[in-house]
Amino acid sequence: MISICLFGAGRIGRIHAANVAARDDVELRYVVDVDQASAAACAAQHGAAVSSVEQALNDHTLDAVIIGSPTDTHADLISRSAQAGKAIFCEKPIDLDIGRVDACLAVVEQCGVPLALGFNRRYDPSFASLKARLDGGSIGKVEMVTITSRDPAPPPAEYAARSGGIFRDMMIHDLDMARWLLPEEPVEVFATASCLVDPAIGAAGDVDTAMVVMRTAGGILCHISNSRRAVYGYDQRIEVFGSGGMLRAENERNDTVQHFSADGTLISRVPDFFIDRYEQAYRRELNDFVDMLTNDTTPAVSGKDGRQALVLADAAQASLERGAIVRL
Amino acid sequence: MISICLFGAGRIGRIHAANVAARDDVELRYVVDVDQASAAACAAQHGAAVSSVEQALNDHTLDAVIIGSPTDTHADLISRSAQAGKAIFCEKPIDLDIGRVDACLAVVEQCGVPLALGFNRRYDPSFASLKARLDGGSIGKVEMVTITSRDPAPPPAEYAARSGGIFRDMMIHDLDMARWLLPEEPVEVFATASCLVDPAIGAAGDVDTAMVVMRTAGGILCHISNSRRAVYGYDQRIEVFGSGGMLRAENERNDTVQHFSADGTLISRVPDFFIDRYEQAYRRELNDFVDMLTNDTTPAVSGKDGRQALVLADAAQASLERGAIVRL
Amino acid sequence: MISICLFGAGRIGRIHAANVAARDDVELRYVVDVDQASAAACAAQHGAAVSSVEQALNDHTLDAVIIGSPTDTHADLISRSAQAGKAIFCEKPIDLDIGRVDACLAVVEQCGVPLALGFNRRYDPSFASLKARLDGGSIGKVEMVTITSRDPAPPPAEYAARSGGIFRDMMIHDLDMARWLLPEEPVEVFATASCLVDPAIGAAGDVDTAMVVMRTAGGILCHISNSRRAVYGYDQRIEVFGSGGMLRAENERNDTVQHFSADGTLISRVPDFFIDRYEQAYRRELNDFVDMLTNDTTPAVSGKDGRQALVLADAAQASLERGAIVRL
Amino acid sequence: MISICLFGAGRIGRIHAANVAARDDVELRYVVDVDQASAAACAAQHGAAVSSVEQALNDHTLDAVIIGSPTDTHADLISRSAQAGKAIFCEKPIDLDIGRVDACLAVVEQCGVPLALGFNRRYDPSFASLKARLDGGSIGKVEMVTITSRDPAPPPAEYAARSGGIFRDMMIHDLDMARWLLPEEPVEVFATASCLVDPAIGAAGDVDTAMVVMRTAGGILCHISNSRRAVYGYDQRIEVFGSGGMLRAENERNDTVQHFSADGTLISRVPDFFIDRYEQAYRRELNDFVDMLTNDTTPAVSGKDGRQALVLADAAQASLERGAIVRL
């Protein structure tokens, strides 16, 4: 029985807690949150104890931690958990500052604990299926990758202000997808963007509508499109074009019903947001983490993956600011 | 240069005239219609002469006739054309009375002229593609055939009254499709039907909503669904289920546009009616007739095909009237 | 906390057990199975005790039972559970014999306990969504219902032999769907069928390929198509045609990936079988049963629904045997 | 009766000739081609005379010319036709050199003749339908445009060498689409590209795989993806994302057949190349030109449209060469 402490009992934390609870071989031992009420509610629901960071990490029989607290606490919690010898699952990102990320990863490496990053999309059944077929050679050599990612509605402007910007906060997921799908690292990044959705986001110094184009050393091209608003739902698509064909992962639909009327045929909506769309991905991601602990394998998404996605996000931000291509 | 006389310058006749005109190796020589204005308009458009049945058939250099006049003139025109030694293309049906059909076909056989029946759906690109894959063995042995055919709107009740009823007038197309797709003839027919669309159709002694189930000697099952009204357009679908898979021909769409909104995704309408849906089929059908004349091959859809479809339609009508299965 | 005893720890029973375990407000107290090993494994997994029918029903604090044992035990377990005052969830069917069903339902009524039948498809998200739109009037008055249901592979012939036949064993689900979707009861049933998949099924006196057509008093038509084998997966579709349009629930897909190659575009498989396809339906069905217990509401699928579906299945069987329409 | 001279009896020229021939109100009077055999064959097929540029333009009763000859003859033929007072339909591009384009357009303006450019995609039924819905406000304000355009197979390298490069030869169509769909002109262009398909194209100084991102003054973003090879057919898609939704025009399919097998469901191929995909577009384009002549309206696609697309193509080429954004 693997014992786990959850840091952060917010929306994402509770998803992880429920996925832990659904397994018979994992025990949710502690829940830690600065909001005591949230911690208590989550702990009560799954038979765990409310605790503190210090107490939890001092429990020598605790195996692992899941970090779902706010971004600015990640690096510190990772470092402390590593020093306590705990296996770590951390939601993306490690930190918004590449220097802090490097320092944190150095601690992890020194301590020799496994660190798995929560890039949930790698666990989405459709994206994983696309990746498997790609790796199986079904479309030959990859030549172009196109990623579309649009949120249903913009976050509050104050969130945008401290999010690190659209590239580090939102597109980082797509940049990780790009790295996962491309057979080699991007070496050139170009970004262009606008504030079309919410002027308050612009006032906070950020953008809400963005396109990035990247190029690898071998000349493979990648395009990412982001918007902070899509009235039709959470738009999450991938297209990989190769010498021997194309693979597309389309949006899911809420159900399979088609309504034929004089206007045409209406098919069902795409899922509202990540809670719906990535429900299975979160479950599979947690299961993968537990399997890693059980079988002593290496994490599917490593700290280095988290770092490299941030490098690309930083490059995109720099490209936007300079109005020029950034070479890595 | 093949010379052709068109009998009937109505809606269907004009489609055939235009398809003849589009070829460089066929001449539309005469147009015959009891409505002289229609005949004149059609003839003028394509550089043909207005004529009469007698005159046209007396032209010894005329090669062929296309019969697109009202149903009750078909058998007579076929017989006279056959006796004049002309190759014949006739819109379905030969006649609504099986006795008259047999007499007519006897004349055709005696005269030794080729007779091609206008079951246009066999020339629809999607249905023809389905049939080719079926014949190519892509789904193994056929076990079930399902045919859906729904008109966009009911005909005038007076039309229904003299149409021979929904089975002989409308479902006869589906019965021909069934015979074309099934590897053996149906031996049992069961029909059930209602008048749900237009009470005037019921008052005229007909039905407007019908289902037929047929069975072959080898136990293959076939289902046909008809309605005289579909607000979403002309619903024309085929599904063939076999030991090794399933083939479906879905409805066409007016275009490929998808509109994503908060309600879902709206895809375009299906074609309005047969003029739109079977535009290509009519062209291919005419081309096939000309090829038959040019290459001296046998018609793809024979008089016997027309007869057998009527036999099934008669059986369906009898089944409905008796409330019992009809065995052939 | 509602306490439940599970009768039957086979494939379906274990699904229900897991769905019970996933809730915080329900306790799986006992597991009963003639196969003690199965009972023990299931009980251990969810912290329940192995018990016997007698013991479990004698526990006066037990609230409810879930019956997932073999069909021929259902009526007896329902009766005994009713007499013990337990709320009952029973997998379909109550029994294969209408006389025994009536006797059993009489006991249930006398005892005044709630009985919910496990027609899982009513809880399928797509079918439920279709039904909701239908009830919302989106296609006007229902005129035709078409239900396609094909299993991926035939059961062992010995199963077929004691299953009651394809109509009572398999099509009963579709007959319930038909009743659910039709605004009035069918009054005429016609069945035709063959043994095309497995000769051993025929040798056992059953068929494996079947079509049924039904008609209501108001003239609404319904068609059901069944096969015991579909190489492409578990084919589960519904189409409802009405005066104002059409609603279709198409098959689900394992994922949203599309593979574009020189052959065309390959989209993903439909789910393998009911375990995959109806995973959500089983969960929602169980939740509905618990809600019924908690809120003291009437079951969504009643004993009468189970009875009526059997009446239709009996009629279909009789129609097949007599080669004639059966009027109810 | 409008009389027309066709310059160029190659593949495109013959399409225009056939579309002219299909109308009753237009006469194909002359066919001109340096390849006399081609000219003769095309002329014979449609009852036209073989002629020369000089002779044809000297016919004072000739109304219009259609220019489908090689690109390097366009500007000269336009100028001479304009000076002869003929209405002009010219295949894209006017010329590969912006200076020559401007000189040519100055002549056209001076002569006061109408000039229609053959950007066929504007006449594609699906793209035109998308545009109509966009103009109807169905998705609010445009925020992002994504255009995918991939040829089935690369042209011969010698073609690439004198084509002006992928941006001026191929992407110019997409750049025109972008201008057509965007509510304002792009002001920034960024291009990146590779030679991944055919090394001979690279040796000829061109690329075969390209992505462009553009931005308008108002911050609307546009992405275009090109490849000279797509094994699955001619990939032609458009996506417009707006404040109120998204419109997509997907690829057409050769037919509507779906093949369900153990591997999944195979749907039909997309059309092979532009001859198939844009068959209707060519017809509608020609009809629009004739309507313009008949009704004395302005051309839907003007010489200025041709010029502006070239300006964007030049900017893309410059961006690629400089590795930097180009501002217009």
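Each chain carries a letter (A, B, C and D) given by its place in the written order, and its residues are counted from 1.
Quick note on the criterion: a contact is a pair of C-beta atoms (placed from the backbone, for glycine too) under 8 Å apart; a residue touches a chain by one contact, two chains touch by 3 or more.
Fair warning: this is a prediction, and the values are worked out from it, not measured in the lab.
Chains touching both subunit A and subunit D: B, C. Comparing the centres of all chains, each the average of its CA atoms, the largest separation from subunit D belongs to C. In terms of C-beta pairs in contact, the better-connected of the chain pairs B-D and A-B is B-D.
Centre to centre, using the average C-alpha position, subunit A and subunit B are separated by 57 Å. Work out the mean CA point of subunit B and of subunit D, and you get 39 Å between them.
Within subunit C, residues 230-232, 235, 244-246, 260-262, 268 each touch two or more of the remaining chains. In the complex of the two chains, the subunit C residues touching subunit A come out as 22, 24, 45, 125-126, 129-130, 133, 138-139, 244-252, 254-262, 268. Here subunit C touches subunit D in the complex through residues 230-232, 235, 260-270, going by the rule given at the top. Those residues of subunit D that touch subunit A in the complex are listed here as 141, 143-144, 146, 148, 150, 188, 190, 192-197, 209-211, 213, 215, 218-221, 223, 225, 227, 229-232, 235, 241, 243-246, 323-325.
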